[in-house]
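What follows is a set of structures for review.
Common to both upcoming complexes is chain A, partnered first by chain B, then by chain C.
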Partner chain A sequence: MKNQQEFIQNFASQFDETDASIFTIETRFKELDEWSSLISLAELNMIAKNYGVKLTPEEMKRSQTLQELYNLILSKKQQ
Partner chain B sequence: MDAYIKAISYALPEKIVSNEDLVKEFPEWTVEKIASKIGVVERRIASENETATDLAVKAAEQLFSEYNINKHTIDFVLFCTQSPDYFLPTSACIIQNRLELRKEIGALDYNLGCSGYIYGLSLAKGLISANIAKNILLLTGETYNKSIHHLDKGNRTIFGDAASATLISDKGFAKIGEFSLGTDGSGAENLIVKTGGFRFPNALNDLHYDENGNLISSDYLFMNGEDIFNFTSDAVPVLVDDVLKKNHLKLEKIDLFVFHQANKYMMNYLRKLIGIDNEKFYVYLEKVGNTVSSTIPIAMYHAQKEAKLHGNVLLAGFGVGYSWGGVILKIID
Partner chain C sequence: MEQVFKNEKEIPYYEDTQKRNIGQKLKKIKNTLLGNMAYSCPVKKLRIIFHRWRGVHIGKEVYIGIHCFFDNLYPEYIYIFDNVSINADCMILVHFNPMKRFSPILPAHVSPVIINEGAIIAVRSTILPGVKIGKNAIVSAGSVVEKDVPDYTLVQGNPAKKVTEFKYLME
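Coming up: the complex of A and B.
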């Protein structure tokens, strides 16, 4: 759970205007007002640096919630 | 001999493209969304018959009149552009003639983008140190909009056309310190206008859209956002660290950071990544956009007008090439 919480925090810290406290594992991140292609690039960079997993923008786009994205990272990590 | 920046000015084309104008063409975007993400409210676009050379001449004339500079003291012209008038001759020769500068002077173009101003300062410092020239007119000028497809909303939103003019001399208000420079040509394909040179002289007419709806064409400006983002976030913190080391300074001893003004989100991302206080991080994007090699001198011009230039000022440019560079200026109060 700690790792999951850490992932949520890392994800939230790429946003400049959205309050970090609104992020949960159920957050549908692409529906956030501030979400943009630039933030998606920052998230991909964060995921590569912190989790050693290189996702494509399309792979990330297929995830709806942070839970789905986190699961994708974990499954890629195991490969 | 030490080299100093003596004066900076710049020039913009007349035509303004506002976010409202862009939203009319791309109704899926909102005015507020462009402004909040990219940090650009309006950008200037060169007219059909207006080139980077024209803008650079205008910037130089502005510099001479604003600071009452005798143009006959200029003994070298450096012009940074990726949008020359011709394959040959070099635009700097045309500029010498247009500005009616002396004939007993050196003049050359060099082809760099967002790192170009830093490289210009390094060349100018070298010319002064070697006693080759004393009053160098460093010009930057770019008209990327001529290379951007009209349906490429991403790049049209970010880039503005502009030119800058800087006088570098053996006296001035900012002593040019030590440089950190970097190059990695493996990134060449990620920010490119592929056709029209001698490798691909003819248009390839391969326009298509990627999975994310981004327009891609070999015949227009292409930017691979993901790779450019990754390059920047890898290279710039290392660059800042290296330029600090070369100048024997710590991050907290820098009074103002003037980075290449890529876009608001990217700049803020780099600021947080490096750990720079917001009030020490100068941003001037709203009225001009990303003007490529002119962003740093334009920002410096406004920082000076706002009396924000003092102490140690760290400049950092990075982009197309890949090419990057940084320097620290010591402001003479």
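Coming up: the complex of A and C.
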């Protein structure tokens, strides 16, 4: 659970204007106003840096909520 | 491609440039004509050839889009390394020579612009004098770059600000 909270914090830290407190594990991040392809790249880099998992932009597109993204990272890490 | 870059130097203010000798005038005419040919040439290889004739240092496998404007007076101060992609409508400036009355605040100078291997300059970006773009860096569309961009970094906006690094994704 702690790791999940850490992931949410890391994810939120890539956003400049969006308040970090609105991020929960159920947040549909693509519906946020600030979400863009550039933020997507920043998130991919954050995931590669902190979790050692290289996701593709397509995999990022398929994920809707932070929970889905987090599960994807865990499943990739186990491979 | 040569690794020794030209150093920043002072140049005459605008009023003094009106007293150019014939050699300097011919050089400017040559640069302008070749620059205009490269600007509107639909063949990408010819665009690179025209820019090389002007004196721009261009490496291998470089892409320069149509309607790019590279400095007319000092094109030899532009260094573009291998695998760089400069897309349409970009502008690279290396000199600044204001009117003499601005001399206390704005020194007239020319400084090299260096674009390192693999960088991408997206459409309608402007690179200002003295800027170094790092390896595999990305300058997003419409940015105005006034400071150096580190390697593997994406910048965007006017003035261009760092959005993210992506070194870990490319290793």
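The rule is short, and it goes like this: the second predicted complex is superposed on the first by the 79 of 79 C-alpha atoms of A that agree within 3 Å, B and C clash if a C-alpha of one lies under 4 Å from a C-alpha of the other, contacts with A are read in each partner's own complex, and residues count from 1 in each chain.
We adopt the following convention: contacts are C-beta pairs under 8 Å (C-beta built on N, C-alpha and C of every residue); 3 or more make two chains touch, one makes a residue touch a chain.
Values in this document were obtained by computation on a predicted structure and should not be read as measured data.
Q: On chain A, which partner's contacts cover more residues, chain B's or chain C's?
A: It is B that touches the greater number of chain A residues.
Q: So, A:17: does it touch chain B (first), chain C (second), both, or neither?
A: A:17: touches chain B, not chain C.
Q: With the two structures laid over each other on chain A, which partner does A:58 touch: chain B (first), chain C (second), both, or neither?
A: first
Q: Regarding the shared-chain residue A:41, is it in contact with chain B (first), chain C (second), both, or neither?
A: both
Q: Where on chain A do the contacts with chain B and the contacts with chain C coincide?
A: 14, 38-39, 41-42, 44-45, 48
Q: For chain A, which residues count as touching chain C in their complex?
A: Contact set of chain A toward chain C: 14, 38-39, 41-42, 44-45, 48-49, 54.
Q: Under the stated contact criterion, what part of chain A meets chain B in this complex?
A: Of all residues in chain A, those touching chain B are 13-14, 16-17, 34, 36-39, 41-42, 44-45, 48, 57-58, 61.
Q: Of all residues in chain B, which touch chain A in the complex?
A: 33, 36-37, 154, 211-212, 225-226, 229-230, 233, 263, 265-266, 268-269, 272
Q: Residues of chain C touching chain A in their complex?
A: Within the complex, chain C touches chain A at residues 140, 154, 156, 163-169.
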